[in-house]
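The following pair of complexes shares a single chain, chain A, combined with chain B in the former and chain C in the latter.
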Partner chain A sequence: MTNDLMLLLPLIIIGAGAILLMLTSAFEKLNNEVTAYGSAIIFAVAFLVQLSACISGNAVIFSEAFNGILVVSNFSKAAGLIILACGFFTTLSSQTYFKQNNFCTPEYYSLTVFAASGMLLLTMAQELITVFIALEIMSLAIYILVGYDRKNVISTEAVLKYLILGAFAGAFFTMGTAFIYGATASTKFIKISQFIASHGFSQSPAIIGGSFFILVAFLFKAAAFPFHAWVIDVYEGASAPITGYMATALKAAIFTVFANFLVLDGTLQAGWIKYLFYIAVFTMFVGNLIAIGQQSLKRMLAASGIVHTGYLLIALVAVDSNAFTGSVIAYYLAAYAAGTLGIFAALSYLGGAGEKRKNFDDFKGLAKARPYSAAAISIFLLSMAGIPPTAGFMGKFYIITSAIEAGQIALAVLGIISSIISMWYYLRLIINMYFYEAEEQFNESVPSQSAPICTFVLVICVFAISLYPIAI
Partner chain B sequence: MIHNYLFLSIILFCLGIVGVISRRNVFTVFMSIELMLNAANLAFIAFSRVHQNMDGHVLAMMVMAVAAAEAALALAVVILLHKHKSKLDTNVFSLLKG
Partner chain C sequence: MFEHVLSVIIFLPILAGLLLLVTPASRTIARVSGLIISLATLVLSLDLYANFSATGHLEFVEYIPWIQSLGVSYHLGIDGISLFILMAGSVLLPMVYLVFTTKEKGYYANLLIVQGAMAGAVCAADMILFYVFWEVMLLPVFFMLGLYGGPKRLPATLKITLYTIAGSLLMLAAIVYLGVSYHAQFNEWNFAISKMAQLNLTGRVAAVAFFGFMIAFAIKIPLFPFHTWLPDAYTEAPTATTFVLSAIMAKIGVYGVIRFVVPVFDEQFARFAILLAYSGVIGMMYCGLAAIAQKDFKRMLAFSSASHMGIIALGVFCMNMQALTGTIYQIVAHATSTGVLFLFAGILEDRTNTRTIDDLGGIAAKAPVFALFFAIAMLASVGLPGTSGFIGEFMIILGAIKFNTVIGVLAGTSLIIGVCYMLWMFQRVFFEKSNANSENFKDLSLVEGLTFLPVIILIIVMGIYPQPFLSKITPSVALQFSQNPPVIAQTVTTNALLPELTIEQK
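Up next is the complex of A and B:
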């Protein structure tokens, strides 16, 4: 019982913290600074609690009270750690970002914490309606954060697109749940798994249709190939720290629940693998094609996020549903999160007032004016491109190895080819930073040290994660 | 008997999809999404009757609560759009070209 409480404590801290921040933001005495550091402390405490919970094994928490809808595994704990760390760095980057951009209110930080509570719930949920509610808690907070700059037409358009398409995907998820409930008389993963084991996957059309709708919703939220178009517009419309938050924490939560759903039964996974194979391939190459054509840095990072979704789908295709640990997926998510969050933390203080620097050309000659920032950005880009000895290389290495072990040689080869193509747009920024004369001086003083410190810590993370060994 | 309810549910769901894709007014689009969610609710209730348990009813209530929260946000976005463009046509929003 105490153990269960310990495992649930990070979610409780985050949920209570979010409500507390929302209530305190009504007081005028508490300014944005205090709220920013308050939310960072909430994330830090929850992270430490989650870390201390890692010593215990898998558990169905409060199986009497919750009727087995929340299950904590090592995979969900790792994903929780990634989400909480992302939240921590996002709030600190935002603190610096809002020194130069003037649309912050204390509710911003509260919503960041609310989104994290939805994500944490999503990693543990083993029941379809819980997944739906967690998905909506996360999404509703993220929609508001995307459109937070209410005076900006572009971010309004971004939130409109995201809201329409997100709600559309949510409706698909509900319909899929209804079908699965119709077939199995339950929405719990364990019951669905028992039903498929006794009746077979291909014999029940309701299960096939229902799981198809649910996969569509997950692929949409993860920005995989046929449903990737929204991500570029939304990332461009959102503010830099929030874009980083969406690209990392949201993706970690979605892929955790995606993997949990897919491995609930071996035949269900086998039934969808051949389609996921093509989706993974198209996601990688379409993402690369889009990224090559971009002039804006944020749009390029959004498109590269699509490519990374493709790599994660390779890992999903390769998972063994009988002995599922999720270590490869969690490792890649951590490696990708460190690199992406680092870039967005750097953009938070290099972007300037009103994010005036956003294209590749705007960063020409950065290395002369700000050598440390340029070096940090280069390390993040190299990690995302997969150059040793960074975390991104090890993540790709584990993914490709697991794909080969699962017998998906073609997918492994295509993954490597896509990784080589992606060098093009990562190296382009490095070349712009190092081999051009500066067109401007980048001489405005950094208003706050939070984001630069985040960037530095994430550089260390990129190397530290690459040293962490996992068993495939 | 269950078939009739399911057919109605699927027809409503498809009408919702068509509405989201073809309509240009923001309000109509959000209404179409509500229609899709309610189609799912109808399916939940119908299946609940088939299985002779109350789970489906509870699930439908949950979905309604979430749909209400989503509608609240959607209306806020509609007001924001109207402030910017004085129009509720999705065509006028084409600054971002994905």
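Up next is the complex of A and C:
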């Protein structure tokens, strides 16, 4: 029992912190500012606890809690670290963001922490009902956060779209769970894996159908083709810090549970891999096609998020279900999170009141007025484009290596071609920032220092992560 | 001198450049510190050159494991091939700070970064490390071209960047493919360049990987038909960038072919050598003919540079010792002559505010020193005996005739084209009657003259007495051909396409 609690300590801290923040905001004890810092502290404490578990906990690779419902592996620990770090940077950027936008209440931060608790649970869950509960804890909080600006039409449209489609995905997931339970009489991953091992994957229609529905739900949440259409509008409607949060932490949580589910059994993985291959290819190229035409920065980043989902799917196709460590996926998630969060942190303070700067053209000449911010954004963009010596390059290198190692040479080459295409829209922003004369002065004072500091720390992260070696 | 001299040569300029970028230094401080750093690098490189013992193997090796599970390491070292490209960069780049004194801070800072990155690419003995420096090399060029280039700089910037990145990403896939193949064949992860020669690569995927490397390098060199970015980029770029691109960066493309493609893909290389050699010859003649027609002297020099790169690349494709030695020699000779010519073109443009050949004339009478220096560099570029250009081109053509008579003859004729456009341009710009643009042309100042003098002397010394240079090159080149003799020899007998192919063994 103590062991269970120790393993879950970061989750407990986050959950208790979320409830505490909810209570203080219900009784109006704390103002926005203090709540922002409070939630950041909760994330920081949970991150440090998780980090100490990562450093000391290498002796036991698989640690179960609650009779195998939750499993803490190195992969889930790494994903947890990414999620907690994302939460930390999101709350701090939000603090600056809400100096220029006025729809904030303390509940905002409480919901951010609640979403993180769902995500953390999701990384550890090895049982379908728990996955569903975690998915819903996370999604409900995110729905509210997306539509937090209630007077904004675009925001309201975004939340409606996301809510309805997300509810569908949730329904698909429960349907899949029911199918699988019907066939195996269990919702635990370990029991399902034993059942498939003894009965075979292709023999049971219920297993095939059930895993299909579950994969649909995951692909929807991860914004993969053909379930990607919601992403663009939802990312545009949400506030900049929340968009960053969704693009990074949510994706990290989903890909963790996705990978954990997929590696249940070799035959299950083998059965879906050829479809995932095409989904990965289409996700990359459709994302690129959408991104090329965008004028709005947030929409471009949303589309580029789809492309990165495609790269992560390459890593999923290449995983070896017998010796699964998830290190490549975790590394790519961390590298991608650092770059994406950095851009959204920068947008949080550069966007201006009511996010008035949102198009490529609005950032023309930024390098002259704010050279450090422009340099930071360029570094993030180069990292997302996979140019060395940034973390994004190493992530891409690991993914390509694992794909070629798994014999998926075509997929690796298609991934490369896709990243050549994606250079265009990343370079476009750099060109706008550096090679054009400024159309405006960018001279409003930065309302608070926390988002700029986040940006700076994330620049360091982008380089630091690239030096951190992993084993494939 | 001390243990990590290569690392210092690489990272001193990079760190100094980054420091200049993040601090609000004035342009004078930027120029002076850039000059000091690049001179310090020159001193270190000269020391390196003096201590280089020409064993043929990597020297001054530094090795620090990085990603141990994949065998990726921070692994540096130089041999006779890389030494000369490193030296070319170290010797030539300080000149920019002395000649162009009024540029902006970012100009000098980016120049420092590109210098360090190029040194890194040349010294890297690990494929991933090479790739990192190879890409970093492009970023300062991107910013210099976009920020300080001519009026039509944006399309040129996009063209060179997308072109180069497309090539290098394909190369990344090929690099990873080599690493994975090594893992599959030797059950050990390794990305060291020297280990890859042991690989036994056959089949279609190997051919694809071969072209992955070859296209990346062909774009950088640039080899016909991947040269279309070159005229725009060279013309629109500020002088220092054109200088860096033509004098050193293009050479790193050739270096890549020598270092990666020849030893690793020996079989594919032997198969496609004739194709590549023809593409080198065609590029050479085509760019030479295009150079004759140019009205803009910078653009003419750009085509001339592309034409010469064709012959340098041809030396690699001939696969024998004379040609390869000639290539390395010609790399240095071309770096000095064309590099200096581009700097002269920059001076000419700064002082007359025009790049059109017809607007100029009679400069020789106004500026005799400038005209003399220009003439020496130009004659070296066309390969006049007694200048550095002659030795290299002579050896390459010798090797080319040995490889394939048709190619050798074509390579020989294209030299005549080179003489045509160069001398005709010289006649129109420096002789004939002076006009309004060239009326008040100032000769080189003392500082400028002294800056160029060492390089001009080097051009002549290299042309008259090449032995000290050749003795450092030959061991590495010989080693290049002794690595995998059985495979190449076998290819000769089985490949009906190449009856005249001769392989030298020491």
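Following the convention adopted for this analysis, the second predicted complex is superposed on the first by the 454 of 472 C-alpha atoms of A that agree within 3 Å, B and C clash if a C-alpha of one lies under 4 Å from a C-alpha of the other, contacts with A are read in each partner's own complex, and residues count from 1 in each chain.
Keep in mind that, in the parts below, a contact is a pair of C-beta atoms (placed from the backbone, for glycine too) under 8 Å apart; a residue touches a chain by one contact, two chains touch by 3 or more.
Given the structure is predicted, the values throughout are model-derived calculations rather than measurements.
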Kindly classify A:463 by the partners it touches after superposition: chain B alone (first), chain C alone (second), both, or neither?
neither
Taking the superposition as given, does A:431 touch the first partner, chain B, the second, chain C, both, or neither?
second
Is A:360 in contact with chain B, with chain C, with both, or with neither (first, second, both, neither)?
neither
Identify the partner contact of A:285: answer first if only chain B is touched, second if only chain C is, both if each is, neither if none is.
neither
Classify the contacts of A:144 with the two partner chains as first (chain B alone), second (chain C alone), both, or neither.
first
Which touches a greater number of chain A residues, chain B or chain C?
B
By the touch definition at the top of the document, which applies to A:387: first (chain B), second (chain C), both, or neither?
second
Just chain B (first), just chain C (second), both, or neither: which does A:412 touch?
second
Residues of chain C touching chain A in the complex
21-22, 66-70, 72, 128, 131-132, 135-136, 139, 143, 146-147, 153-154, 157-158, 161-162, 165-166, 169-170, 172-173, 176-177, 179-180, 183, 205, 208
For chain B, which residues count as touching chain A in their complex?
6, 9, 13, 16, 20, 26, 29-30, 33, 36-37, 39-41, 43-44, 46-47, 50-51, 53, 55-56, 59, 62-63, 66, 69-70, 73-74, 77, 80-81, 84-85, 90, 93, 95-98
In the complex of these two chains, what residues of chain A are touching chain C?
372, 375, 382, 386-389, 393, 396-397, 400-401, 404-405, 409, 412-413, 416, 419-420, 423-424, 427, 431, 434-435, 467, 469-472
Interfacial residue positions of chain A with respect to chain B in the complex
129, 132-133, 136, 140, 143-144, 147, 150, 153-154, 156-161, 163-164, 167-168, 170-172, 174-175, 177-179, 181-182, 185-187, 229-230, 232-233, 236-237
